[in-house]
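Please see the structure below; I have some questions.
Which chain is which? They are A, B, C and D, in the order written, and residues in each are numbered from 1.
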Amino acid sequence: MFWLSPAHAQTFMPTAASDIAGDVDNLYSFLLISSFISCVILIGGMIYFVYKYRRKSPNDKTPRITHNNFLEFLWSFIPLVIFMVIFAWGWKVYHDMRSMPENGLEIHVTGKQWAWEIQYKSGVTTSNEVVVPIDTDVKLIMTSRDVLHSFYVPSFRIKQDVIPGRYTTLWFNSNKLGEFHIFCTEYCGTSHSGMIGKLRVVTREDYDKWLEQESKFSTLPIAERGAKLFQNKACASCHSVVDSSVRVGPALYQKFGKQQITSAGEVTVDEEYLRESILNPNAKIVKGFNPNIMPSFQGQLNEAELLAIIEYIKGLK
Amino acid sequence: MGTAAHGSNSNVNYLNEFKGIKSWLLSLDHKRIGLMYMISILTFFFVGGIMALLIRYELFAPGKQLLSPDQYNQVMTYHGAMMVFMVIVPGIPAILGNFFLPLQIGAADVAFPKLNLASWYVFMFGAAIAISTFFSTKVDTGWTFYTPYSIKTGTAVVAMVLAAFVMGMSSILTGLNFIVTVHKLRAPGMTMFKVPLFVWAIYSTAILQVIATPVLAITLLLLAAERLFGVGVFDPALGGDPVLFQHFFWFYSHPAVYIMILPAMGIVSELISAFSHKVIFGYKAIAYSSLGIAAVSFIVWGHHMFVSGQSEIAGVLFSFLTMLVGVPTAIKMFNWLATLYRGSVTFYSPMLYALGFLFLFAIGGVTGIMLASMGVDVHFHDTYFVVAHFHYVMVGGTLMALMGGFYYWFPKMFGKMVDDRLARMTFVLIFIGFNVTFFPQFILGAMGMPRRYFDYIAPYESLNKISTMGSWLIASGFLLSLYAMIKALKSGEKAPSNPWGAKTLEWQTSSPPPHFNFDKKPTVTGGPYDY
Amino acid sequence: MSQHHVIPFKTYMKVAAALVALTFLTVICHELHLGPLAGPVAFLIAAVKAALVLLYFMHLKYDNMQNRVIFGSGLIFLLLLIGFSALDIWTRVQSMSTL
Amino acid sequence: MTTNVSHGEHHHSHHFDSAEHEYSSDKEGLWLFMVTEILMFGGLFVAYAIFHSIYPEMFSEGASHLDWRMGFINTLVLITSSLTMALGIFYNQQNQPKKAFWNLIATILLGCCFLVIKYLEYSGKFHHGIYPGRFLDMAVVNPVHQNLGLYFGLYFCMTGLHGIHVVIGMSLIGWVAVRTYKGHFNSHYYTPVEGVGIFWHIVDLIWIFLFPLLYLVG
C-alpha cells in the first residue's frame, strides 16, 4: 500500500474539469517535458563529465580554459528565449483565468474560520457546498470575515485569496459533472486543514430543483431549521453531534441538561449557557479546552436563528 | 599579541593560543566567532530538524498521530522560523563567511572585529527571545506572519517578531562588516577580480543583507505596533491593507532566499574548481551573475503573490522579472559544468556534496521556472509543490553546500582530517533521503495537497508515507555527520596545510591558522584558481 | 588624516540659514493653500533641505565616490519598494458585492 | 571604535595599514548603516504615501488635528541642533575641544527641547482622545472619516520611531561629548564624533520630511 497503485498514477494532476484546466495542463506538460530535457542535459552532462574526466593519475594536467564568449552567450540567450516563451504562455493562461465573464452566474463566497459560507442571489445559503450547473460561466465574488483564506479548486486549477474588507473574484466553467474538492490554501489557524468544501457540478435541471428545495428552508420545523443552520455555520466541523468524541471543541451530543465543569465553575447546560457560549464563547470555557478558539457569532445570528440552533442541540439525544 | 612572529611549523594556532571560556566569549578573532556561530547555529538546526521530523511524523497518515492541530501549527511555525531566521540565513555567511572571507582575501581579520562579536551576541539575544516564546504561548502564524491572522491570534507574536527583528539587526551588522572588509582589506595585489568566487558570493549576499533587512525590520515593528497599539496599517478593519504587508514582507523575504542560496553557490564554485583541479570556467560571468542575481532579486517579490489579490499588471511584471533572474542562475550551472569538462575529477566527500548540489539545484531551478509561470503557479501556489521546490533549493542547495563546505574546510578549521569514507556515507544517506522525502511532495502538490495542512484526504496517503520515511534517512545522515566530525575532532589524523591541493589563499597558511591568519602579510600575484 | 577637507565655519552658517529660510518657505506655501500642488511643493522643499544637510553637514560633497554610491543605492531600492507596491495598489480592479 | 591615545597620532588597529585606512573603512561602515536607517524609515514613508494617496481627505482631516506651529518650532530646533553638531565636529577638526564640547552639549540640550515639545504634543493628543488606530476615541474626536485612526497610527509610529532615534542620538552625543572633554579627539582622530554626527543628521533629515508630510500636507 506504500507504493503507487495504478489508480494513483492518474491522479498526478487531479481530473481536469474545465477548459482552463486543460490549458493549464498543456502548459504544465510543456514545462514538464522541457524541464526534463534541461535536467537530462545538466545532470546527465555532469555525470558524463565527472566519469569521463575522473582523475587518472595524481599528475593530471588540466587545460586552462577560462572562458568562451560564444558559448557563454549561447547558454545565456537560449534559456532567456525559453523563459520568455514560458512567461508569455503563462501570462496568457493567467489572463484567461482573470478575465471575468460578463453574464456569469454570480455566487457569493465568504471565508471564515473555518468554513466557506456560500450565498446565492435567490437567498439560498449553504456551507462548504457550492452547487453549480454544468457548462455555465460561474463567477464567485469572495470576501472574508476574519483572516485571509484562499479558495482553491484543484480540478479547475483555480485559486484566489479571500481578503477581509475587500472583494476578490474567481470564475470557472465546468465541463464535467461530479463532485470536486474545495481547499483553503491560505493558512488560517487551528482547523485550516479541515476547511474543506465540495463543489458539485450538476445538470441544469438538477440545479434548479436543488435551488428550489433549498429555498423552502423558512417553512421547516424549528429544530430542522436549527440543524440546517448548524450545518451552514459549520458548527459541526468542531462539535460532534453524533457521539461524544472530541474534535476542536467539545461534543454536543447528549449534553443538554447535563452538568459541565467550565472555567467559571460548574454550570448546567441549559438554554442560557448555550446562548452565552454562542454569542460570547470565551465566557465559560469547558474544562480541557482553550479560549479564543471559537469565534463569536454575535451579529451573525438573529434571535429566531439562535432559538432554532438551541432547539436542535436540545434534541441531540 | 606576538603570534605573527611564529613560524608555520609552530603548534600555536588560533584554537590553542588562548584558553578558557572567557577567551572565547570575548574573542575578537573572526575564526573563533565563526566557530561560536557554528555551535549555536548547529544547535538550532538540531532543534529545527526535530520539528521537521515531528511534522513528517504527524503527516505519516491522515488524522491525528501525535500532535493536535494547534500543536502541529506551532511546530510548523517554529520549524520554519528557526530554519529561516536562525539557520539558513545566518548559516553560511556567519560560519564559513566569517571564518574564510578574511583568509581568502589575505586579511588579518574582518574590518570591525568588535562589531563582529557584537553581531554574535545580538544574534544570540534574538534567538533567546525566539526560544523563550516556546515556553509561553507558542506562536502559530507560520514563519511568514501574514496579517490579519498574526494580528488576531492570541499567541506570543510580538515577542517572536521582535526576535526576528533583533536577529535581522545581527544580519545587517554582519553584512555591513563583510562589505567593508571586501572593499578595504584585500591583500596587496588582490584585485576584485582575483578574489575567490566564495568571496564574491558572500559580498553579494552582504549587499542583500544590508539593503533588504531594514525593510523586514520596519515591517515587523509595524506588525508589533499593530498588535500593541492597533495602528491599522495592515488591518482591513481600519482601511489598512493586509496585502501591503505581503509586499513589505516579501521585499525582504525574496532577497532573503538569495541571502540563503548565493553563499551556497559560492561554496560550490570553490569545490568544483578544487576537486576538478582546474581553473573555474567563466570567473567573471559567475562573479557578475552573483551581483546580477542580488540586484534582480529585489524586484521579483511579487511572484509570491500571484493569487494574493495583487493586480494582474503587477503580477505580469513580477513574472517577467522572475524569468530574468533565471538567466544568471542558468549561467552559473553551465559554468560549473564547463569547469568539469577536461578536468581531473576526484570524488572526496566535499565534491560529492557539490555534485549533489548541482543535481538538486537543477531540479529546484526548473521547478522554480514552473512556479514563475503565472498560469501554472495559480494551481501550485501554497501546495506541496511549493514546499518541495523551496526545500530542493534551501536544503538541496544551501544545506548540501554547507555540508560540502564543512567537509572541505574542516581540516583548515580544526587541523584534523575527517574519515572520508564515513563522510561519503553521510552524503549517500542525506542525498537519497532528501529525494525520497521531497520528490513525492512535487507530486502531492500537483495533485493539489495544500501546504500547512495538519490533516489530508485519503488519496494523498501513500506519497506522504514515503516522504515521512525519507525524513528518517535524512536525519540518520545528519547524525552520522555529527559522529564523523566528533570522531575527527577526537582522533582525526593531523591535517596538512593544504590537503586538497587547492589554490585559494586560505590553504597557504597553516592548519589551523595562527591567530592573525598569516605569519606574513601575503602579496597576491596569481588568480585564485591557477591549476 | 590631516588632508581631510574641513568645511569653513562660514559655509556651515550659510547652510543653516538656508535651512531655516526653507522651513519658513514651506510654511508660507502651506498658508497659500496651493491645493493639489501643496504636496509636491512641500516634498520638493524638503528634498532640497535634505540635500543641503547631506552635502554639507554630512560632508557627502567632499566624500569619496563609494560612499555617495552607497547612499544613493539606498534611495534607489526605496523607490523600487514604493514603485512596485503602488503599481499593484493602483492597478487593482475593484470588485463589488452584487447583493 | 578603536583604542586610541590622547595626544598625537592615533594608533590604528592591527589589521589596518594606516589610520587613514581605518578612517575610510569606519566611514564606509557608517554610511552603510545610514542606508539601513533610511530604508527602515523608508518603509514607513512608503506606507504613508500609499495610504495618503488612497485616503487624501482622511489625511487632511488628520493633519488638521495637528498644530503645525509645534512641528515648525521643532523643525527649527532640530536644524539648529544639526548646526551645533556639525560645529562639534568642526571644532574637533580644528583642535579646539572646549568649543567642540560646548557645541555638543548644546546639541543635547536642543534634543531635549525637541523631546519636551514632542511630549507636550503627545499629551495634548491623548487629552483629546487621539490615540493610534483602533484606540482612537470616536466619541470624543467625532471624526468625519471613520478610519481616522489609521492616520494617527502612522503619525504615532513615524514620530515615535523618530523620537526613539532622537533619544539614542542624544546618548551617543553624550558619549562623544565626554570623550571630547577628556581630550580624546584631535584633528587626526575624530571618527566617533563624525559617526555620531552623521547619525544625528539622519535623524534631522527624517524630521525634515516628517514635518511637511504630517503637519502641512492635507
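The rule is short, and it goes like this: a residue touches a chain if its C-beta (ideal position, glycine included) is under 8 Å from a C-beta of that chain, and two chains touch if they have at least 3 such contacts.
Just so it is clear, the structure is predicted and the values come from calculations on it, not from any experiment.
Using the average of C-alpha coordinates as each chain's centre, A ends up farthest from subunit C.
Chain B has its Cα centroid nearest to the centroid of all protein Cα atoms in the structure. Note on chain placement: the centre of subunit A and the centre of subunit C lie 46 Å apart, centres being C-alpha means. Taking the mean of the C-alpha atoms as each chain's centre, subunit B and subunit D sit 35 Å apart. Centre-to-centre separation between subunit C and subunit D, using Cα means, comes to 15 Å. A straight line joining the Cα centres of subunit A and subunit B is 32 Å long. Residues of subunit C found to touch two or more other chains are 66, 73-74, 77, 81, 85, 89-90.
Under the contact definition stated at the top, the residues of subunit A that touch 2 or more other chains are 168. Each of residues 183, 211, 215, 237, 239, 241, 243-244, 248, 309, 312 in subunit B touches at least two other chains. Of all the residues in subunit B, the ones that touch subunit C in their complex are 183, 211, 215, 241, 243-244, 247-248, 251, 298-299, 301-302, 309-314, 317-318. On the side of subunit B, the complex with subunit A involves touching residues 69-70, 73, 140-142, 146-149, 152-154, 236-237, 239, 242-243, 276-279, 281-285, 306-309, 312, 315-316, 319-320, 323-324, 326-327, 330-331, 333-335, 337-338, 340-347, 355, 358-359, 362-363, 366-367, 369-370, 372-379, 381-383, 443, 446-448, 450-457, 459, 462-463, 465-466, 531.
Put simply, subunit C touches subunit B in their complex at residues 66, 73-74, 77, 80-81, 84-85, 87-93. The residues of subunit D lying in touch with subunit B in their complex are 1, 13-16, 21, 24-26, 28-29, 32-33, 35-44, 46-47, 50-51, 54-55, 58, 131-135, 147, 149-150, 153-154, 156-157, 161.
By the touch criterion stated above, subunit C contacts subunit D in their complex at residues 1-2, 4, 6-7, 9, 12-13, 15-16, 19-20, 23, 26-27, 29-30, 38-39, 42-43, 45-46, 49-50, 53-54, 56-59, 63-64, 66-67, 70-71, 73-75, 77-78, 81-82, 85-86, 89-90.
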